[in-house]
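We just call them A, B, C and D in the order they show up, numbering each chain from 1.
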Amino acid sequence: MGCTANDLVTALKAAAATIEEHRVELIQLDRVIGDGDHGENMDRGFKAVLTALDANTPDTPAAVLKLVATTLISKVGGAAGPLYGTAFLRASTAVKDRAELEPADLTEALTAALGGIVARGKAEPGDKTMVDALDPAVRAAKGDTATELLAAAAAAAETGADATVPLVARKGRASYLGERSAGHMDPGARSTALLLRAFAEVAAR
Amino acid sequence: MGCTANDLVTALKAAAATIEEHRVELIQLDRVIGDGDHGENMDRGFKAVLTALDANTPDTPAAVLKLVATTLISKVGGAAGPLYGTAFLRASTAVKDRAELEPADLTEALTAALGGIVARGKAEPGDKTMVDALDPAVRAAKGDTATELLAAAAAAAETGADATVPLVARKGRASYLGERSAGHMDPGARSTALLLRAFAEVAAR
Amino acid sequence: MKKIINDPSTVVAESLKGLELAHGDLLTVIHDPAVIVRADAPVRGKVAIISGGGSGHEPMHGGLVGPGMLDAACPGAVFTSPTPDQVTTAIEKTDGGAGALLVVKNYTGDVLNFETAAELAETEVRTIVIDDDVAVKDSTYTAGRRGVGGTVPLEKITGAAAARGDDLDAVHAIAERVVANVRSMGMALAAPTVPHVGEPSFDLADDEMEVGIGIHGEPGRARVPAENADGIVARLLEPILEDLPFAEGDRVLLFTNSMGATPLLELYLAHGIAERLLADRGIVVARRLVGPYVTSLEMQGMSLTLLKLDDELLELWDAPVRTAALRWGN
Amino acid sequence: MKKIINDPSTVVAESLKGLELAHGDLLTVIHDPAVIVRADAPVRGKVAIISGGGSGHEPMHGGLVGPGMLDAACPGAVFTSPTPDQVTTAIEKTDGGAGALLVVKNYTGDVLNFETAAELAETEVRTIVIDDDVAVKDSTYTAGRRGVGGTVPLEKITGAAAARGDDLDAVHAIAERVVANVRSMGMALAAPTVPHVGEPSFDLADDEMEVGIGIHGEPGRARVPAENADGIVARLLEPILEDLPFAEGDRVLLFTNSMGATPLLELYLAHGIAERLLADRGIVVARRLVGPYVTSLEMQGMSLTLLKLDDELLELWDAPVRTAALRWGN
């Protein structure tokens, strides 16, 4: 009873809904230490994902993830577009041609996603980026069921995002602020936590 | 014991001081129904008059008035520059080569000044301009002494300026506002009243 | 007040120093009285085109001095008409023996100061008064329409006529044709701040806009609830079209002007709307100018100007021009 | 929010329609994905110069498309890097067989998106990353310096090199020379408002200014008490001069840029101060550019850019250019 292409589509719809709901929050976080577009960009991207998923019905998890990747890459722009795009692209490659993803596949997909983000963005943990949410999530992503595994990952991502508050940014636009970037949550870490929470909630249904 | 060139210089210094003192008030009046420069322009002009009077010592009333006229014309700009400039120029012509101005000369000078303003600006009483201060002042400018005459003129100018408040402007920049110009005093009428009050106070000393 | 200045009373003088350094190839600045003169003035045998007005509308007029356009510009204090001695100096310095056309925007102050200068001038001068602002009723109960955006095509076209060798009468006649065929209307979302005043010229709530605004921070014809771009452009265009009137088949120059702080991103957006509205009516936009040319310090807002073109006006608009702000054909 | 727009999500698309109508002689707009292309592209045998970035900086980059400068510009959403498909489309449409130079401002998003496009491109491409902003420390602890005002001379000079027939290696080498010799610094008196955000990007008290500001409404290096023009210009110029460093006898291009809402009156004033400070140090201002070229919507403020010139860079700067925003020599 693994995660099918259809389950993934459901999860992505939930993710899109979460991003829409938190659009203004993400804009505000980015306004303080960045340029205020993160919520808008993510919302535009995930709305495009919904449209793409409506127009196409990819029948493998890999195909779904790839469609998400190419859509985000061509619709989001900014730093988040290529980073999230690469993450989904690597996840797509990682799950190969499996028809249903088992917990181990999910761990591999998440690990590959993180690897993609790091390969493109060269951020290390502690640089105050989405890596600070995704890296602990990957390490926490254990469990016998997708439900358990994603719940643990989402919780770790949320803790990780919270932990970006005191950090001084060393990557991305917030790094221009130097010390003044401390005291605010990283918007990309927050969006990563939101996405994982949405996935976890769908898995728990 | 008429008004000499020196007396005129004293009166003009007092006028310059008054304008400086009321600079912000005139700016604010003009800001509401015009473009906010009347106080600045008049202050720049009368400061230049002080400099000119320091550098030159014209020895007839006519020469003093002419120097004031040319200085105002070349330093004030806007509507007020040529209007006040013409007023002083006509006053200068009116007093001819008299060494001392008697009350009758003052009346003639004021009448000529008004004529100059009307000739240049084509405003009629009630158009909400400086004419609404100067026209009643000229009609009130009667008396056996300069003191009496100027006190009456100044009082009439003040009443005239106050009476511009309800008027709808038909000349100058305030006319663009149409009905919205009503409810505010005309800045040029106010500056005319201020000048006459300064002259009257010097005469009363 | 948020400004990059040292002292309100020296803003214009200091700015002219920078202008002179920036565009020494095009113009020379005389500092007292302040006049901006074409670098190669006087041009022998050519009618001189001279304009001027308060400062704070840059690039108008100093940025429009150069071959094919103005021979001299007289910058007054901020939003204050220049004085007659500036104008007479401009006339002297540009006197090429063919007389001068004085381009005057219809404001009492400008008209009076240029009139005084014209009386004093020793050269033959003609004056053209531009009054293209349809926001102001032209009646005996006002000072008449203001001169606004239409000034740029007027100066461009008369400049081209003078450059091709027209005499003063001919240049004046063309100027009259431009004035007869050009109409403008502007609006503001936020007021400018005059340096010596130190606070905005008018106060607008966040949901209000001022329609029929002038270019001196003087309030407009009406304060109305803020609208979207479609609404704003229609509101500016309608009274312009009705006024001349412009009719189906007319060829026009459409000039979409930023009042200063409105970014090009928004200005092009508005321009596109205006083009479509004109196309809907069968009016042919033959030429266009989009940008901040007739500004009002940092006022946020825009104006539209429409000039009905005939073949000759079109040719004169297209003729070469080389100034700081407008440059083409050479 | 005070803007002339219809809907925050369609601002860029609508603005591009207006741009296309306004400058149809110079450029063509592809609407999906959004790319602004030179009207006569592709130019056979010429290296294509392609740039792009978030919208809201107009006239950069769309206003710099045309002969002698850019072959294409990729406009992202407001303040958001363009996507790779915009860039690959630009590469395709301008492919004259001599390869393309991608001019990328150093921001994580711009670098990543252009990098992805470069990987996908079927033509030979080289990338030049410009990072001229001395306000940002260039260390492993930041994303490196930002690309700001220096982008305009970079695009002008590489455009001229491509126009005279240099091959891709040669154009790239000249690009590197410009990047090595150009430095900038900016400041703001008031923040811009991004349409979809609806409120100013940062809040500044009336007596404060933000120094070392970027061009995306991101806060600057330090918030300090507002100063007069002399103080502001010195504060921008010092770190630029120290950085390269610039020395006595150097010939430079001085680019005095308005961030959007700062009027030309103030900008020329600041330019004059900068020229005098440079003259005091024996630095020769050989060329200058003054105006709003690299803006940040309606941000109030300015930046200074200094490019050290050699004979070749000077010649390439002087070479003809015909774009909406920069035009000379033809």
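Basically, a residue touches a chain if its C-beta (ideal position, glycine included) is under 8 Å from a C-beta of that chain, and two chains touch if they have at least 3 such contacts.
Each chain and its UniProt protein: A, B, C, D = Dihydroxyacetone kinase-like protein.
All values reported here derive from a predicted model rather than from experimental measurement.
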How short can a chain-to-chain path be from subunit A to subunit C, counted in steps between touching chains?
-> 2
Through how few touching steps can subunit A be joined to subunit B?
-> 3
Top of the farthest list for subunit D, CA-centroid basis, is B
Distance between the CA centroids of subunit B and subunit D (whole Å) is 53
Here the gap between subunit B and subunit C, centre to centre from mean Cα coordinates and rounded to Å, is 32
Cα centroid separation, subunit C vs subunit D, in Å, comes to 29
Scan subunit C for residues touching two or more other chains and write them down.
-> 78
Subunit B: positions in contact with at least two other chains | none
Using the contact definition from the top, classify how the chains connect: line, ring, star, complete or other.
-> line
In contact, pair by pair, are chains A-D, B-C, C-D
Residue ranges of subunit A in contact with subunit D within the complex = 27, 31, 33-37, 40-41, 44, 73-83, 85, 120-121, 170-173, 175-178, 180
Residues on subunit D engaged by subunit A in the complex (per definition of touch) | 9, 33, 54, 76-85, 107-109, 112-113, 115-116, 135-137, 140-143, 146, 194, 196-197, 201-202, 214, 216-219, 221
Please name which positions on subunit D make contact with subunit C in the complex.
-> 1-7, 11-12, 14-22, 55-56, 58-59, 63, 78, 189-190, 206, 209, 226, 228-230, 232, 256, 260-273, 275, 285, 288, 290, 292, 295, 297-298, 300-302, 327-328, 330
